[in-house]
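Structure in structure tokens, see below.
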Amino acid sequence: MGSRVRNNQITIKEIQDTAERVKNWGRWGPDDEIGTLNNISPEDIVNAARLIRRGKVFSLGLNFDNRGPQTGLWGNRFNPIHTMLTSGVDAIAGRQDSIGIRYADDMVTMPLQCGTQWDALGHVFFGDKMWNGYEAKLVDSSGAQKNGIEKTRDKMAGRGVLLDVARFKGVESLEDGYGIGTEELEDCAKAQGVEVRRGDFVIFRTGQMERCLKTGVWGGYAGGDAPGLRFETADWIRRTDIAAICADTWGCEVRPNESSEASQPWHWVVIPMIGITMGEIFYLKDLAEDCAKDHVYEFFFCGPPLPITGAVGSPINPIAIK
Amino acid sequence: MGSRVRNNQITIKEIQDTAERVKNWGRWGPDDEIGTLNNISPEDIVNAARLIRRGKVFSLGLNFDNRGPQTGLWGNRFNPIHTMLTSGVDAIAGRQDSIGIRYADDMVTMPLQCGTQWDALGHVFFGDKMWNGYEAKLVDSSGAQKNGIEKTRDKMAGRGVLLDVARFKGVESLEDGYGIGTEELEDCAKAQGVEVRRGDFVIFRTGQMERCLKTGVWGGYAGGDAPGLRFETADWIRRTDIAAICADTWGCEVRPNESSEASQPWHWVVIPMIGITMGEIFYLKDLAEDCAKDHVYEFFFCGPPLPITGAVGSPINPIAIK
Amino acid sequence: MGSRVRNNQITIKEIQDTAERVKNWGRWGPDDEIGTLNNISPEDIVNAARLIRRGKVFSLGLNFDNRGPQTGLWGNRFNPIHTMLTSGVDAIAGRQDSIGIRYADDMVTMPLQCGTQWDALGHVFFGDKMWNGYEAKLVDSSGAQKNGIEKTRDKMAGRGVLLDVARFKGVESLEDGYGIGTEELEDCAKAQGVEVRRGDFVIFRTGQMERCLKTGVWGGYAGGDAPGLRFETADWIRRTDIAAICADTWGCEVRPNESSEASQPWHWVVIPMIGITMGEIFYLKDLAEDCAKDHVYEFFFCGPPLPITGAVGSPINPIAIK
Amino acid sequence: MGSRVRNNQITIKEIQDTAERVKNWGRWGPDDEIGTLNNISPEDIVNAARLIRRGKVFSLGLNFDNRGPQTGLWGNRFNPIHTMLTSGVDAIAGRQDSIGIRYADDMVTMPLQCGTQWDALGHVFFGDKMWNGYEAKLVDSSGAQKNGIEKTRDKMAGRGVLLDVARFKGVESLEDGYGIGTEELEDCAKAQGVEVRRGDFVIFRTGQMERCLKTGVWGGYAGGDAPGLRFETADWIRRTDIAAICADTWGCEVRPNESSEASQPWHWVVIPMIGITMGEIFYLKDLAEDCAKDHVYEFFFCGPPLPITGAVGSPINPIAIK
């Protein structure tokens, strides 16, 4: 069951053992760069399309702007900087008259994981290796020669499942530090009447983002404490053969860390070993309310990444359609 | 019919007359900010989902990197600058040891319309106004207070239709300066056995991008001459009530301009007056080949924009699913 | 005398009257773009060079990094974002072997006024005009066609004078909101035994930056309350014909504003009307301690701007040499 | 003597031997991070100040803008991207009325070595080491922990000497590939009647930049062929104990490379081994013409770097004063 994580007992030895146990390296050939996205078959996509029954679209992307969750806490990430190359004000002041058209144009400077995002498989390493056994050094200053996000350009569509853990537990938001275990995920799915299947985009909701949005204070959201998955769920992810795991938190995983010997021990294992694609900072309020209302927790999911060559992440606006 | 545009005969008067004739302002209320995307009904989305028959996904996004189409020709746009905040090479050199996790992270600096993209309705003005009659000055250096791309966050899904004009004309690529007229669009659809309907995402193919990719030289692709729609098609767009118009060119519209009094006269009208969402720099090779093979030119389309607050465009990776 | 600013009594009328009174427009011809920097003669530079007696160099530039003073309080400014294009870690991992040289390279993204800086004369407007009567609209999204910082490329050298107002008042730091008046500036100079002359770079010290550095908290430094010059000093600046006015604060001027009808009323007048170049966020601790020790408050000053074409400011590392 | 470099005969062995011969590691203590800038004494600065006789200031900085020398040839460097955060056009359109002041503000995104610049000592490595024997890995994605440009913040002032090699050879511009040897440097100095001394900022002129500016085509300027110093001059630099070496070219060193086994062999040695600060892309036309006219090739030099923490280079606007 889920519970407040009381001690940080996971050892490096346990991380290593789990890594060996869940390892998917070579499963889809030596050249694979997309991992568990291989779990989605064309039939799965056809079946997922049948979940579009009402034509209602939910955007799961948080707005990208300077009110985003980055507060300087972690990794030199910052909120998007959006600036204009020219504007309507320029236009009406006649500053574009020589061009013959009145227009606005703009640019952005942003960390690829500053908001709603995919982690590419090149984002986290295990020792000197990354997903499928590629050398970590293949991600250098010029980008990821292997496991870049652009390899997933046509892979991010299929069946989506929402596991609304917060609602299942009867709270608006799980507390920071609350660890969701395997049994709880399964109980939640059962209570919701939805089955988690091979190839699914599984999205779980903690309510943490909504708590931050409500108070207007991000605080430690990006890099600090959070509710999230316990280390033990790595085995569940491996066993269920889902395609992706997504959440309304910064890092999916419970924080503070369950280990004093490693930071984000679950990340150590699930990205480089299982090869699972991870979605973070998903905005789930509207979708969750709709699911609570119609009791349908499955839907068509589509979250195409920007194919930035060699990127280890991508900002996204994932879409759920019911 | 289509033809090489021989003279630039469109006058400001004709642009103004056309603007009045096709104007959709107020059609969806005084507060509307999404224009023809209103033409998509929930039923349309449900029906479009039924076009997913084989579960085959096509990514229509060109990779975002420094080999992109921007050559400095137009508007100070530049290709994406992708840089690493930390890398696998840092990781294996032990530079992250104090953190307890080995990872890579990255950022991007890019004009929002430097590659595959949506134009927001705040991108082009007609006189001092933009879509739905909003003042152009509402797009200032702080971004678009009205008609920003974030307003379309959950609107970019529906039925897609490919009009492969190049293939219809029996050429690999239409010549630069070749203007596609209304009759030719209709003949192409007819020849392909596909009907253009209200609420469609209509994507037409000129072959220009593939010609550039084949030769390895972008040349004037971004801002120079190109095959594209003739000014007269504005009436067709208004009449058909499609949701969006997209192409494999930089600007959808034929270039050189059909007018000596205005640059991109078609843009003057279709964005601010009709309120149509425009998709540009779409990569269509794979989708077009598949359509030519199975003779099915309709599909489910999903192209969620990044909801960058106040942006007048968004880089995208649009997806077609058959 | 200086004093805590108790009320915000300066009216728009008074600002306008002062503007007319101190106006230097046309004084150096209709084409001038450098204002009071014209007050420096070649002889002044020769004389200033004679102040280099000990060969001791003081850097007045604060480090540019993510620990800078910007806290999001004002104008969407942010601290410098410094990232590597390649690094020594890449080099030793052999990632550059094909190039034949091992090296590091980097880039920066920064507001031009996020740290130690010059304001260009195109930075602040009075009504629809800027320095020397140029239209404000000549500063559009493409930059400043007039009064850009690059026009001052070879002008920022001459005699520097430090007015250490904090030390003169016997405090480590003047309080936020403390307004320094003309008489106090003159008394301070007199007490220090230094004369303010035509063409000087006058640098006054409030101690505010050192207070922030000491506590490790920038707080409202960039955009909030601060000690600084009173509105009345505009007349003193006009009368003394100094070349530039610089300080260890974000905006030279006392804050909260002395006016309830205008923000930064002194700025309204001194930049666009007098045409004075302003230096802000100067690091003065070391220089001030040296001056206190040898009682010499004059020195050779050199603060070349980066000639960024059309920029309305420039980050700098100004140098004082005694 | 100088000559067209006919073969690329320098071997790795010769580079290594030269490296050992010229090595300054430890000369200024184990903690030194500024190398030959230590050669400047306070007296040198006092004496250099006496060279300010006419009060004439020369800016040696090329404008920073999108017409700069970067053409995508080398190392992912690009020209400066200057954008406005707000402008005079916004101001007069009333878009800032709520703020109470009318102003313009701007930002820049730029590689630190895209224009006129200092190389920091952390810019080039010899094997796994950099200047003074520090590990190259101390320059990682977070920047240079050692030998960053900020360490030189108060060191870039002293005596400057211009060696106008192009004029000495009687040409407007030396040809690309022309290698300047030690004897030629000495002959040039002699012909000009100027002595190169310990602690000097030695600036040599090839005319290459002026050739590019005249034709309006940068071509291979940034990264391609160029006139420049021969490898043998490393010994001259070591022997003369100058403080810095600067040029009007992209890389000071003759190109194509004098070695088929290494790229930029002179760089391998002079930065990490001698510890010399290098200035590149200096604009020398005006200074050179003045020197030719008054036959005075020495002057006061001041080129303060932006103290960007951990940077391996800095854009600059160096100043020569006569």
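To keep things simple, chains are lettered A, B, C and D as they appear, and every chain counts its residues starting from 1.
By our rule, contacts are C-beta pairs under 8 Å (C-beta built on N, C-alpha and C of every residue); 3 or more make two chains touch, one makes a residue touch a chain.
Because the structure is predicted, anything quoted here is derived from the model rather than measured.
Chemist: Along touching chains only, what is the step distance from chain B to chain D?
Modeler: 1
Chemist: Looking at chain C with chain D, do both copies bring the same residues to the contact (over half shared) or different ones?
Modeler: Same, since most residue numbers here occur in both copies.
Chemist: On Cα atoms, by how many degrees is chain A rotated relative to chain B, nearest 5?
Modeler: To map chain A onto chain B, rotate by about 180 degrees.
Chemist: When the contacting C-beta pairs are counted for A-D and for A-C, which pair yields the higher total?
Modeler: Counting C-beta pairs in contact for A-D and A-C gives the edge to A-C.
Chemist: Please compute the C-alpha centroid of chain C, do the same for chain D, then give the distance between them in whole Å.
Modeler: Those two chain centres are 27 Å apart.
Chemist: Distance between chain A and chain C based on Cα centroids, please, to the nearest Å.
Modeler: That pair's centroid distance is 45 Å.
Chemist: Could you list the positions in chain A whose residues touch two or more of the other chains?
Modeler: Touching at least two other chains: 76, 81, 83-87, 89-90, 92-93, 95, 107, 109, 137, 140-142.
Chemist: Could you please specify the touching residues of chain A with respect to chain C in the complex?
Modeler: So the residues of chain A in touch with chain C come to 66, 72, 76, 78, 81, 84-87, 90, 93-95, 109, 137, 140-142.
Chemist: Please give the residue numbers of chain A that touch chain B in the complex, ascending.
Modeler: Of all residues in chain A, those touching chain B are 41-46, 49-50, 52-59, 61-65, 75-77, 80, 82-89, 91-92, 99-113, 122-128, 130, 135-141, 143-144, 150, 153-157, 257, 261-264, 267-268, 300, 302-313, 315-319, 321.
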